[in-house]
Amino acid sequence: MTDVIENPAEQKLAAATAWWKTSIVDIKPGIINFNGYPIEQLIGRIGFVEMVWHMLRGELPTPWQARLLEAAMVAAVDHGPQAPSISIARMTSTCGVGINNAMASGINALGDVHGGAGQQCLQLYDRLLAEGGAEDPAKVTESLRTILSESRLIPGFGHRFHPVDPRSKPLMELIRQAAAEGAVAGRHLKVALQVEESLKEIKGKLIPMNIDGATAAIYGELGFDGEEARGLFILSRSVGILAHAREQMRQGGRIKGPMPTSIPYTYTGKPRRDLER
Amino acid sequence: MTDVIENPAEQKLAAATAWWKTSIVDIKPGIINFNGYPIEQLIGRIGFVEMVWHMLRGELPTPWQARLLEAAMVAAVDHGPQAPSISIARMTSTCGVGINNAMASGINALGDVHGGAGQQCLQLYDRLLAEGGAEDPAKVTESLRTILSESRLIPGFGHRFHPVDPRSKPLMELIRQAAAEGAVAGRHLKVALQVEESLKEIKGKLIPMNIDGATAAIYGELGFDGEEARGLFILSRSVGILAHAREQMRQGGRIKGPMPTSIPYTYTGKPRRDLER
Amino acid sequence: MTDVIENPAEQKLAAATAWWKTSIVDIKPGIINFNGYPIEQLIGRIGFVEMVWHMLRGELPTPWQARLLEAAMVAAVDHGPQAPSISIARMTSTCGVGINNAMASGINALGDVHGGAGQQCLQLYDRLLAEGGAEDPAKVTESLRTILSESRLIPGFGHRFHPVDPRSKPLMELIRQAAAEGAVAGRHLKVALQVEESLKEIKGKLIPMNIDGATAAIYGELGFDGEEARGLFILSRSVGILAHAREQMRQGGRIKGPMPTSIPYTYTGKPRRDLER
Amino acid sequence: MTDVIENPAEQKLAAATAWWKTSIVDIKPGIINFNGYPIEQLIGRIGFVEMVWHMLRGELPTPWQARLLEAAMVAAVDHGPQAPSISIARMTSTCGVGINNAMASGINALGDVHGGAGQQCLQLYDRLLAEGGAEDPAKVTESLRTILSESRLIPGFGHRFHPVDPRSKPLMELIRQAAAEGAVAGRHLKVALQVEESLKEIKGKLIPMNIDGATAAIYGELGFDGEEARGLFILSRSVGILAHAREQMRQGGRIKGPMPTSIPYTYTGKPRRDLER
């Protein structure tokens, strides 16, 4: 026998209650349980990155899972004030708003182009793995050739500024260790290295893996999908966004433009004219 | 003899270069150093929360400093979908935007009222400490009486939903341990407990410390100011914002209103009228 | 003979100057010219909607162009507090932030799903016109059949809430008048009406054009593309966002959840469990 | 006899319904009435700026009210790509997000410092008027002396870039006309001019009224308060934000930093050091 709600007010209430549903947290007066665990058991006993994992996965990570996630999140915190997310947060923080607003504006800029390379790279790895790329290097090369025939760039490889991105090597080394100890499967590691190999073959020169290529390998090994990889990158970069916004607030300065007004911008429109009306 | 730049172009360039300055990160081709430390030495060797500390303070934390910060950041990740920041992130994530945009909108709402209690509470503790409150309980009671004569609430104490906030006790217990071991001074701990005592005296009943009162005590012991306490809370709550936005994206649902349309809102304006024109 | 900049400082300066370029506005001390027109000639002599047009097109609109744009922008200002953009702005405005922040959060939610129907509909009209749909009704029907085989909805037609959207008729009537007077070509008008006809034929019942279908017809007649149509919709809806945020600020209320806490949400995760660590 | 709701479900429903209330718009299936007026009567018959007024005030403006609001909103649309709101919108639009997100980030920066001068100036005028400043010039001078003893700037007067702001004169001229015809009271006009006079007396030189000083006079004459003045400025500046974001999207360019990387920023932290761990 099913529950039938006959009272119309109760039907509407039930609909309203069902409107918002979550498996993340159960909150009642005096109770805050995260997918079952009471918060008072988590505080002081699990690390912040373990909590990040639990919030997204509903279970706690193994030590190696936590260590890899920790490394990926340390690596991506900041890339200096010329990255748009950082400069936007710094500029916004001089405009007379709260630190939350300055941070929100920076994070808002972490879109497909500025914050999406890790996600796109993980989706590439997943595609190459689904095509059997972990076993067959030639398939990876073939797929990359197809992609390069339509696009100039492979997400996660090459860097406009760094000849070699100093963040890739220590991240890849960690996955290697974890795979050697059987803590992760090592399939994303394998395909990531193969992409670098294949690119070298296609381009005739090394296009070194960058931070996005390396963190995508980690996130893939850890079982996250592309969207989650983007989310985790955002959590990480938020640290830089906060630190820079805070620093700028302390430096003061009333309204920082993109450049000092001593350097003019280029006007390309019509010369001065009169309104005929 | 000082450097005098005589070439006007070089003067403008120097002004532009000085326009953006930071001590957080030094970036050159192949080099990313955080207040001196090369990123490749940090990855895999320091935890994410240690990196958060380093980004804000320029040095690494001691183990107890890291542990306290970790606990405070675990405690504040989420308070369910009825908190505006969370519900806004969930709603935004159904509107056809990126996860960064959903997160930004949630974070943007962490203003003085929704995200500011920890900051305000830390500023209160700092004021009470400056007035000598750590040594003189009567001064704390007196100051709170003055504040309560103008305001209904003391930030960090009492909760609209939880009779007792389950997050306070384990956080305070950690500070107690740290203070007992001489890892922190224990002055914010002392004044925080005194505020609870004084409030009980004034109100005639216990107004228990909530998460903001407890994390403010931690942030104070750790030497952060109110603005930084807010920033650290935002980093923590961003985890819940991400987890909920992600969950909502997976649940789907086209455009979630604040309530299902089966529940109407109240219209309080004029009845229908005709435009006389 | 080309200009060759030999001084390295001057080269960098020139590169910096060219980094930001615009044809919209030329600003020098005492001078603000919009694509040539001095601002002091525009103030008081052109209307706000004419200025909107000038900012996007670089020239002033004809009276009919201004009238159509005005009508489209009046039509879309608001659709009540259950639209996510509006409810987000109202909620954010109770969180202790500025009116700019509340507006930004509402506007941020006007993504592909919540704010994109007009853009998508205009892109549909443009595609149907490119396929010859203005002359050949059968082609429109055929294209819609193809689209409906992959998607459940045709943007701009049907409404989840209004059996007939009261905004469509007066908008379409205006285009009809403008076309009859030769002020616009009438091709988007024709294809929009044909879509309604074809949908009726396919579905066996009227799926009436909604506001997005009607404003897309206007924006198409006026020569705007989809992205601009979205931008103009955002300008229009910003009025409602402002009005509601303002009203909520005056109503007060500390932190408005999506629903009153008297209505619980549904928790779907694991029951309470103990951390085994 | 009052209505007593006895059914608990109905009580909760009533509470939920009352949670969101508005006098702005009444929406029912097929009906969209703005403070009484059916939308189908407004479309094509009132201008966009009249609609803006109606949304904030609940009634339609007189022709002079509409004309003054129109002028104030035309004047403030844009101040070039070096204003942070504009440059943030341009930068964000190259990061792979929607036009709504680029606009939101720009608008989010219109805080107290960047977007608040008009609001602050209107609040100053209102204070001076409340002190009797319309009748007694000496009182205005006295109050300004007090303010200047604590602050360096009077909002609405002087400009960092323009020796004379070309927008002030045509705006003030319009108020003068409106006051001469009895369409507005002219009190804000009077006090605004008196502030310029008093400042000249105090400083010994003309500190000319800027756009914020002139629009504040308009908004004051029209009966708006400071918060609304800020909101109207935001609506106006959103036009520039849209136009610049759109232009930047068309120009393309992958991720625009605040300055080209050819111009380095200044690093002020510690020189490279090794992690001792």
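Of note:
Labels A, B, C and D are assigned to the chains in the order they are written; within every chain, residues are numbered from 1.
The rule is simple: contacts are C-beta pairs under 8 Å (C-beta built on N, C-alpha and C of every residue); 3 or more make two chains touch, one makes a residue touch a chain.
Here the structure is a predicted model, which means the values were calculated and not measured.
For the copy pair chain B and chain C, the superposing rotation over Cα atoms measures out at 180 degrees to the nearest 5. With chains reduced to the mean position of their C-alpha atoms, the one farthest from chain C is B. Between the chain pairs A-D and A-B, more C-beta pairs are in contact across A-B. Distance between chain centres (mean CA atoms), chain A to chain D: 35 Å. If you average the CA atoms of chain B and of chain D, the two centres end up 29 Å from each other.
Rounded to whole angstrom, the centroid-to-centroid distance between chain A and chain B, based on C-alpha atoms, equals 21 Å. Residues of chain B in contact with at least two other chains: 12-13, 16, 19-25, 27, 31, 38, 42, 46, 80-82, 87, 96-98, 100-101, 104-105, 108-112, 115-116, 161, 256, 258-259, 263, 265. Within the complex formed with chain D, the residues of chain B that make contact are 13, 16-27, 31, 33, 35-38, 41-42, 45-46, 58, 96-98, 100-101, 104-105, 108, 258-259, 263-275, 277. Within the complex formed with chain B, the chain A residues making contact are 12, 15-16, 19-25, 27, 29-32, 34, 38-40, 42-44, 46-49, 51-52, 55-56, 67, 70-71, 73-75, 77-82, 87, 90, 98-101, 103-105, 107-112, 115-116, 161-164, 166-167, 169-171, 173-174, 227-228, 230-232, 234-236, 238-240, 242-247, 249, 251, 256, 259-260, 262-263. Those residues of chain D whose C-beta lies close enough to touch chain A in the complex are 7, 9-10, 12-13, 16, 80-85, 87-88, 91-92, 94-97, 101, 104-105, 108-116, 161, 254-259, 261, 265.
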